[in-house]
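One chain, chain A, links the two complexes that follow: it is found with chain B in the first and with chain C in the second.
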Partner chain A sequence: MTLPSAALLAQSALSGIFIGGMYGLLGLGLTLSWGLLHIINLAHFAFAFLAAYLCYQLASVGGVDPLLTLLLIVPLFAMLGVAVQWLLARFRVSALNSLLATFGITAIVEAGIQAVWTADFRKLESVYAGLKLRIGGLFIPLPELLTLSLAVALAFGIFAVMRYTRLGRALRALAEDAPVAAAFGINARAHSLILSGVSGALAGIAGVCLALSFTLTPSSIYAWVGVVFAAVMLGGLGSALGALAAGFVIGLSEAITMALASPSWAPIVSFTLLIALLLLRPGRS
Partner chain B sequence: MTIAKRIARPLGALFSVLLAVSGAALAQAPQPPIRIGSTLALTGPLAATSLIHKVVGEIYVEQLNQRGGLLGRKVEWIVKDDQSKPDLARTLYEQLVTSDKVDLLMGPYATGAILSAMGVAQRYNKVLVHHTFGIPSMAKYDMQFPAWSLGPDPAVTVPNTVFDALAASPAPPKTIAVVTSKFPSVHFMSLGARDVAKKRGLTEVLFLEWDFGNLDYGPIAARIKDAKPDFLWVGAIGLEGNQLLEAMHKIDYTPKEHFYMYPAPGPMSKSPLANNAMSMTVFEEHAPFTNAPGAAEFIRLYHERAAKAGIPDTAVEVQAAASYTAWQILEAGVRGAGSLDDKAIAAYLKKNGADTIQGKLRFDGPSNYGDDLMRVKQVQDGHWVTVYPKAFAAPGATLRVQ
Partner chain C sequence: MAAGALLAAIPFLHLPAFYESFLYLVLHWIVLATSWNILSGYSGYFSFGHGAFYGAGVYTTAVLAGTFGVPFLWTLPAAGLVAALLGVGLGAVVFRVRRVRGELFALLTLAVTFVLATIVQNTPIDGGPGVYLSAVAVPALAPSASGAFYLIALTLAVITLVLARTIARSRLGLGLFAIHDDEDAAEVMGVPTYRYKLAAFGISCALAGVAGGVQALFVSYVTAGSTFNITVPLTVVLMCVLGGTRHWAGPALGAAAITLLLYASTAADQAVAGKAITGAILVAAVLFMPEGILGLVGRRKRAVSAAHSPPVPITAQRDRMTPAAPRHVNGASAPLLAIRGLRKSFRGVRALDGVDLDVHAGEIVGVLGPNGSGKSTLINVVSGHFAADEGSIRFEGSELAGMPAHRIARTGIARTYQIPRPFTHLSVRDNVALTAIFGAARCDRLHADAAALRWLAFTKLLPRASELPGALNLHQTKFLELARALASRPRLLMLDEVLSGLTPAEIDDAVELIRSIRAQGTTIVLVEHVIRVVTALSDRIVVLDQGRVLAEGDASDVMTRDDVAVAYLGVAHA
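On to the complex of A and B.
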């Protein structure tokens, strides 16, 4: 067996960091709603893909710059997130039932996407697609770099808000003990709507990044569910930085496995790592 | 004459007249349509390609009815959504036979679902014509008929055709990288390609496998770049080929000569990265394929209907042609047998084969497979063109190599 070259390892690791950034970005909204609202929002993936299709439509048919579509998509999906939260709260849906309810929403969104854009492949051919930087022997594609930058900036931003602002403290208090938080004057309903709006907006941002780098089909919604769920669980529910870090761990472990051994071993290695970390991490109950 | 007799006579006459009239009316009443049942993956990961089969099926049934239907009866196609799930396909085929009581069956899309449908067809002794079965050795049922003309041993014959084409090119490759999805119908072909390459003296510099649904092709692309093969065999299905091409492009690598087993035809031909990419075909939109009877009209209708259905690439190629072929086989069987009796249809097809837009197909080989009709095609200037063998090459087209 010959050893892989340094360039191969470095390029693969870079690829793992980029895909890890995408896992983290998709996981951000999911971890917030799961950890703080106790809503396991499968529809997060459907909304991300709906946003990706909207970006595709606006950019390829409407001629809008894909990044400018964020101006429309972010508020639109924030409202969508609020609407779903309002609906779930209205019917007092429990955490487990939220999984089923949002799975239903996912199926509806998938059917809607297929009705509008058909099941065929859609690829956004943007000016950004072919852009890349070269540093030494390494190639850095711009859309992936953008996704990574957004994921890092948003994860740190959310971390800062949760840690250092009244809003963040209120949300954490609500997640810890909602009745006691309410007794201290925290409006649970308003705060949960704000948080779900943020989650929806994050789905919209992730969707634009998906459209920039990936070919879209309605059923590819489900391709991301397992690995992003793993990142969210590994990172700790409600932790933005945790989801991002876990995304990197999974992405990197997959990429290095692909570079050193067989790509078909990548899921085995990453999920074994997930199980090991969940079992061995300190403070597990 | 008694009163009873006096009444009985005219009543009898009236009854006879009524009987004759109703008999004639019955004879002239339209026969119920022949119902053909199938499933297609109208949703789920295989839906993009299934849409092609839906459009083709609708065109064929419409054409068939314009020609007067089958055995003097109109034809109705009942198609259900198996959601790309072979287990659901099995249930739906059971429903089609036992509950919908269809007269004939048509196969679903993709190997897994076809295998499920084949089990049901076998249980009820129904003929199953199918368009896209990729592993002939698994087709054990006697009354199944393939339209995907791979021949009985495609893992040997298909790679040999590809290597023959390369050997005839100005720069035959000396080294090969085989990278493949573990999707069953492409995986076994890739393993076949490894064996054939070895026998033909090519040096394998890389072999990689990935799970279907892989999201990150970056490391795979980096390994291919590192291995520097003369020829890259990609066992890809659907969009995997495009994803790998994009990943290679991101690290500034273009493979010298590259082949993709079952690519998504439209996205690959339209991708600027796919120039010179090779694949296999049984039909393309150029002579001599278009000389087959009915081919030109089918192509015209397909362009129109595919555009209406929102399919971005409206060219007729291997998927649409195999689908059309399957319907031609079923029609030939029913007409030849002169009945809807499945055993009679199967016996006729085995004995006589069928004339299709792929040419004359025979079903007298192992697993009812005939000849391997796969030809080598290549993306040239945004279009698929057949390049090998010469007799099937598009006018003026030859294999382009770097």
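On to the complex of A and C.
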């Protein structure tokens, strides 16, 4: 076996960072609802794909600029997130049952996508798709760069809100001990709905990014679940920066594995990391 | 019987192969769902890795029969064994980590599935293109191949259901149900939780492995992608949740319903609608009946039997109620419990800082102390709920420090929890029967039920025997804690603030009860805040302060000492 050239390795590392950004972006909404609301929202992936298909439809058929679709998609998916949270809260669903119920929602959304857009591959051909920057010997595709920038900006934005604002403090207090926080006058219901709205909006944004860079099929919803779960757990539940950092770690290690061994070995990295972490990490749940 | 014969005769009726294959699929899913339920439904350890163990079976048969030409039926035990070894190996590591429960266990098992899939995909086990089994002979058990598959699956399904039913009604099942509700309390009451989880996991994986082995030949072409995916575990979970995870037949019911539903939608060429309907059913099932179809039935049955009040109270038989005989006969002067230099810290906070304490047989020892003085920690360490950092705890001459909690319970020590921790999904009677089975009394199931009724009569809870603990008020729940502790027939009973939160009248009730427990020869350690009660009941009082024994002696002497007053009330500055 010969080692790949330095340029190839660098290009692999770069694509690892890009895919890691996508993991982080998808993980953001998931980690918020899991860590702070104790809802394991599998439907987050389904919503992201639904948003991707919507973006595809508006851009390729309606001729709208894909980035402009965010104006519609973000509020729409925020409302969707709120609706799901309202339903789950109404029935006081436990963490485990939330996973089951949102899997049910995922199946419904998947079927809906399949009914409208069929199971065939769909790829958005936008003006952005062909654009590439060239720095040194490295190619930087613009859609991926956009995803990465969005992921980083959103992760730091959420981190700042959680850390420095009243809203963030209230949300963290609710996650820690909801009854006590409520006794201090924090409206648990309103805050959980706000948070799920944010989480839904994040699914929408992630969806637009998916549409810009990836080929869409209804069943590829599930392809992302395992890796993004791994990133969320690695980064620590509820931690926006953690999810992003873990996304980079996983993306990079996958890319390096692909370059050194073969692409089909890539999944083993993230999942072995996840298993080791679950078993060895002391303390925190 | 007749139904069984009819089911076995189906392949010989020369029905179109389609029916046999459809019935095969129903039975296949019944085996997978029921096997999953044996660990995950009973004990609450939801595994999302059932696909991994099923897949291990698929590939064992595929490789043995497809590559090495081993006759198909011989590969099935191997498929079960490989899957079971994988499960037990994983469990041996995972079940040691206290933190990996609930959703973390679900994720871990899911991750194992993907790791296994990657390994299979990239090694000669599969290698990428998949394994063909078209050259493997289907055993000639029936006129047609589909009939043979049907018969194999029928046999496997019957074995699986009988196993699931037997386990549900055995000690193992009761222990698993207790783990589901409160694993730590179950361990303290004598349930060997680690071994039980491992056993259930092994059985569950073995059955899934065999089902996978059969499926390998049924589809006759296996790929890693179609074997190790997320649909197998999620479908299985869906079936069990729909049918009800607390009943042995629940998963079978759910499996039959879902398979029929999926078939109905694919047959009508509406696979998409079928998927959506399945999703909608899952959402509705989780929201409206989180305990499943048979969960609803169970609740109704319980309501009916509660309406017809249980059998006439059995008058307590004194001879049957004495504690189990001590294992070691010591000299009369040796203490029953001897604690020396006991230390326990929580992240630097010294909860116990070198406690020495003797408890003699037949005594009631009252333990007093301000909040945070280490009273509850003392009980938690002696009962094995927490491991001691240092020191020795000798009970009837044998060392308890370092012993797992369930073995401590069996040596004859029982405790109550300050905040009652009943097993919420077990009836009041089963709550008590559990300690009779797993504690020092070591009853079999039949005697345990009788013993449970006796102790419920003793604590005046008999009329509530068939209800769930959630229906009891605080006073009754505390008495249930007592009945549970007593049913294990301990020689040493540790009561952690059984009186807190009770009204004065209820306290008088409880005091009478504690006196009559001692009259039967049980030694009692009483941790309590109500000083009036402690001084009235105790032969001797021990005062703890900041993890050390501050004072020890007669009730009247100890309570008038200055240092005790300072510990309780602070220093007088007047």
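In the analysis below, the second predicted complex is superposed on the first by the 275 of 285 C-alpha atoms of A that agree within 3 Å, B and C clash if a C-alpha of one lies under 4 Å from a C-alpha of the other, contacts with A are read in each partner's own complex, and residues count from 1 in each chain.
In this section, a residue touches a chain if its C-beta (ideal position, glycine included) is under 8 Å from a C-beta of that chain, and two chains touch if they have at least 3 such contacts.
These numbers come from a predicted model, not from an experiment.
Student: Since both structures carry chain A, what do chain B and chain C do when superposed there: clash or fit?
Tutor: These partners clash in the superposed model.
Student: For A:7 in the superposed arrangement: first (chain B), second (chain C), both or neither?
Tutor: The answer is first: A:7 touches chain B but not chain C.
Student: So, A:200: does it touch chain B (first), chain C (second), both, or neither?
Tutor: In the superposition, A:200 touches no partner, neither chain B nor chain C.
Student: If we overlay the two complexes on their shared chain A, which of chain B and chain C does A:264 touch? Say first, second, both or neither.
Tutor: After superposition on chain A, A:264 lies in contact with both partners, chain B and chain C.
Student: A:27 contacts which: chain B (first), chain C (second), both, neither?
Tutor: Touch partners of A:27: none, neither chain B nor chain C.
Student: Once the shared chain is lined up, is A:100 touching chain B (first), chain C (second), both, or neither of them?
Tutor: It touches chain C, and chain B stays clear.
Student: Output check: A:81 vs chain B and chain C. Expected answer is one of first, second, both, neither. What do you get?
Tutor: Neither partner.
Student: Just chain B (first), just chain C (second), both, or neither: which does A:111 touch?
Tutor: In the superposed model, A:111 contacts both chain B and chain C.
Student: Which of 24-32, 96-104, 294-302 or 330-338 in chain B clashes with chain C after superposition?
Tutor: Clashing stretch: 96-104.
Student: Kindly list the residues of chain A that each of chain B and chain C touches, one partner per complex.
Tutor: On chain A, the overlap between the chain B and chain C contacts is residues 110-111, 114, 262, 264, 266-267.
Student: Report the residues of chain A in contact with chain B in the complex, numbered from low to high.
Tutor: That would be residues 4-5, 7-8, 11-12, 14-16, 18-19, 110-111, 114, 117-123, 130, 132, 134, 139, 141, 144, 215, 217-220, 223-224, 227, 251, 254-256, 258-259, 262-264, 266-267 of chain A.
Student: Write out the stretch or stretches of chain B touching chain A in their complex.
Tutor: Against chain A, the touching part of chain B is residues 42-45, 47-48, 50-51, 84, 182, 208-211, 213-216, 218-220, 222-223, 225-226, 239, 242-243, 247, 249-252, 264, 266-267, 309-312.
Student: Inside the complex, what are the residues of chain C that reach chain A?
Tutor: 46, 93-94, 97, 99-100, 102-104, 106-108, 110-112, 114-115, 117-119, 121-122, 128, 229-230, 234, 237-238, 241, 272-273, 275-276, 278-284, 286-288, 290
Student: Provide the residue numbers of chain A that touch chain C in the complex, in ascending order.
Tutor: 40, 87, 91, 93-97, 99-101, 103-108, 110-112, 114-115, 222, 225-226, 229-230, 233, 262, 264-268, 271-272, 274-275, 278-279, 285
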